[in-house]
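Every chain is named by a letter (A, B and C) in the order it is written, and numbering of its residues begins at 1.
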């Protein structure tokens, strides 16, 4: 069906002439949404036509998810309207959305493992449970779309691809006009992904439904969609028929033109973000010839049958800042957990200064000299109910205690010293960390990790949730750390952050290292391609 | 990228929302409110208890007087109160340790019994001279209590058996083990004198094994067990609040993940914490059979709810071993006074009602205040769906 | 007495001792399936036993007593449910305190009240009750015992076949997913506890106005904990849970009957049997796929 490919203006003209062509099935007009100061959606227009698969492309924080949440009634927009068949509709909750034929395929969390497929499918309905009718319905939907599944199977026993089918059946049996899929292939194999897109294509063509496909994978989005909208920083920056665009153009649009500017600036040492560059102030010491501060070799993590990290190898030299970039959920979190000692890798090794770390020992990583500022500091970075002094001493209790007793004086002195050195503002060293602002908590974690004199510092999403001032301060401190000869691995989903700090950029996609570039070689296109898993 | 994770990310990306989150943690207002509500609840608990007496035709005033007479009015009364305090406090302080580590041991009653059994066996069967018999008795009880609790740790380590459930079930096994021991003449049953019927109890423990007392009637009698208990309470207070180990324990109780990240061996630490809890309970069992609080015989009912009460004391004392001292004293007063209640026609089980109501008065207010605050916040801020399971328990603990 | 008579006696006394356990086990089983483990089932049974005797004495009707007992169980369950699945206090803390409260309160009240004895009537099914061995055990008994024929299948149907049960199981296995599907997790758990309270109450009441006819201090004597042991023993399947109850009921009956027959099977060992078996089963099938995955885990959305 080619008619879907009509551009909106043409569609409107045609609509004036013939009744046969309806108004765009679904329109979002001027949708804006801000969370505090963060603008997640900025005056977004989006038109979805029946019979098309519409790709929505963008990086983390580009506003894809917010937009879909608004469409599904999970979030209320600050302004803007949603129209269906030309009429304004109000969508206050997922039930409303369902009434208007909008439904979403959830990826994780929504299937109950120990229950049967048919039970999962009817969960959330009302009325009596009719097992045979439910099974029949599952089989009917399965047959209609070519999604073979045994309705009596336990979900636990199914593969990722089969679970996806169950999710899809659960949605499709409600006969939605508009189906939203958010990164549907993140847990699927190549083959399973292709099958999924075949099904979507059949559904769209033979039943005139519409699919909104959210993805950051260029290959699949160009292969599967009819038209593509690219979002960046909450705005629509690009819209085109899929047939009229290329990977290169999409990569450029997704990442943004300013990347090359940033890279140029980084190359000559003029960085657009404030914060002193120690690299310029004092001559850089030469750390070449030393073994890498951090050496990751073939790290593999398999959890519940899913390969989260796949033979991941990366070196960080002393004094170097390596940025690890990628879209969220591509293995960064589990890498952070491995380096925090919370997850044992299935295989592979971690070496510090050339020596392999015995990971099975509880404090091996700290002893080996890995400091880590974790992604979610409330989970493993700090204990909110403990005092500033206790949190600062947590990883080096030996230094503030005798064989048995803690020295509260030593702890307080240690805290006062670090608080001054790292500008941690707290009512007192005895105040619980929960009373500190996010920036101060983050500096506290950094102070603690650096006070153990690490050889390598891993910082994951170091500026998430911080305000501008705190961000600049953090950047300055990370640079200062590197200039002391400590290797820094910066894990971030913020490209600007990476480009501001890192001299090399590694890209992770689906748990695989898809490439490493020197900062000056980074172009939007190359980065976009690597992030999209195409190389 | 899944919906809920994304929402969480947005939540944390927003400095305003984070600030709001932190505001909830500021102690000032809510702490004061909790204290106020707790105080009111305690008064309500007392009022309810006295109301119950009045409603059932007794005299509230007479009952209070009887409680006072039995527990505090005379030196003898004080003596009997203090005899109860020792085992209660011992159970409580050990439970403070396990609770602080987030390990939920509710099998103290059984650990007390096993301690009493091991102590009695040593006292009756080992011929050790003088003081060494008493020391051996106490040590054996302590070790036995720790090992009995250790079985639950072992079951958790080997097969992931839930600690709360196993410590609970082990209690009922312990009751039968003691019953078994005192009904078998080849084990610990009292020896037959003439043709008399032999009861299910042991012989009286030899005087050498008994823990001595300072002071005799009519003066205040202070049993060695109390001194041991208070000294241990102070020792454990130092351990949990001043030692390196205590800080690690607290870290594990508050956030097992952060503790593990900081290099704490959480598996081993949980087992040790549970072991300490069992050890003090076992020691309490030895004090029960070796001090004048009992007839110095091992009997099936020798624990008499001391283990359960010790657990309740910790809940009131909010896991603080020093606060447990006055709370244990209060529970001792209720136990000793309870014996005197009957003379007024009010059944002594009234004190059990009072104890339970008191514990509720301490346990419920913080949760209710928090709930009310969450409600208010939910009304103020637009609803967001961020389902996250709150489950701050370490290995070995039930969630 | 012939040995066949002995056996018949043990079987019939075993059935009478099983019935209170079986009622409560139906309730506890359903609560477990929703993830709501609760040791206050002991308090529910004990409170109900007292309530039934008191109500029967006041109204003169044992049947009214039975209903009153179920309602007392329900009341305790609702208190437990609100404290645990609304105010988010640890379920074991609440259970301990409620059990202590009920024990204290019933002991207190029975000491100052005397209640007239009332007992529900016995029925005897003609012909069948004359069957050898099992006749007396299965076909003569107090009539509420036969309510089990209603409540066991009903519990099964509720859990496995009803919409409510489907949602309960979802909540018990994966509260996050259930929440995302729009099921109110804590509400379902409170509802599950209400069923548990009703049935535990019925069990306790059956013990009092059904079998004994009066109330003694702490008359349930840990039967609530045996019920939990039975659910664990049954591996969270209703059929095996009831089987566990029968096993434990028979062990209890043997303890009572053996001395009279001059047999020496240790009574302490027999009393410990349920707990030992439950622990053994947990050790053997620790990684039981059947255990509800969120059993005992509180569910709370952050903000």
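Here is the rule we use: contacts are C-beta pairs under 8 Å (C-beta built on N, C-alpha and C of every residue); 3 or more make two chains touch, one makes a residue touch a chain.
Everything quoted here is computed from the prediction, not taken from an experiment.
**Q** Based on Cα centres, what is the most central chain?
**A** B
**Q** Given the two chain pairs B-C and A-C, which is bridged by the higher number of C-beta pairs in contact?
**A** B-C
**Q** Please compute the C-alpha centroid of chain A, do the same for chain C, then give the distance between them in whole Å.
**A** The mean C-alpha positions of chain A and chain C differ by 49 Å.
**Q** When the C-alpha atoms of chain B and chain C are each averaged to a single point, how far apart are the two points in Å?
**A** That gives a centre separation of 27 Å.
**Q** What positions in chain B touch 2 or more of the other chains?
**A** Each of 3-4, 384-385 in chain B touches at least two other chains.
**Q** If you look at chain A, which of its residues touch at least two other chains?
**A** 106, 109
**Q** Please set out, as single numbers or ranges, the residues of chain C touching at least two other chains.
**A** In chain C, the residues touching two or more other chains are 176, 180.
**Q** For chain A, which residues are in contact with chain B within the complex?
**A** 35-38, 40, 61, 65-66, 69, 74-76, 104, 106-109, 182-183, 186, 214, 327-329, 340-342, 362-363, 366, 374, 376, 379-386, 390, 394-395, 397-398, 401, 404-406, 408, 432, 434-438, 464-467
**Q** With touch defined as at the start, can you tell me which chain C residues reach chain A in the complex?
**A** Touching chain A: residues 161-163, 166-167, 169-170, 173-174, 176-178, 180-183, 289, 293 of chain C.
**Q** Report the residues of chain B in contact with chain C in the complex, numbered from low to high.
**A** Listed in rising order, the residues of chain B that touch chain C are 3-4, 11, 21, 52, 56-58, 104, 106, 155, 158-162, 164-166, 168-170, 172-173, 176-177, 179-180, 183, 308, 311-312, 315, 345-347, 349-357, 359-360, 363-364, 367-368, 370-371, 374, 377-378, 381, 384-391, 398-399.
**Q** Which chain C residues qualify as touching chain B in the complex?
**A** 37, 39, 83, 86-90, 92-94, 96-98, 100-101, 103-105, 107-109, 111-113, 175-176, 179-180, 217, 222, 225, 228-229, 232, 266, 268-269, 271-272, 275-276, 278-279, 282-283, 286-287, 294, 296-303
**Q** Could you list, by residue number, the parts of chain A that touch chain C in their complex?
**A** Spelled out, the residues of chain A in touch with chain C are 94, 106, 109-115, 119, 122-129, 131.
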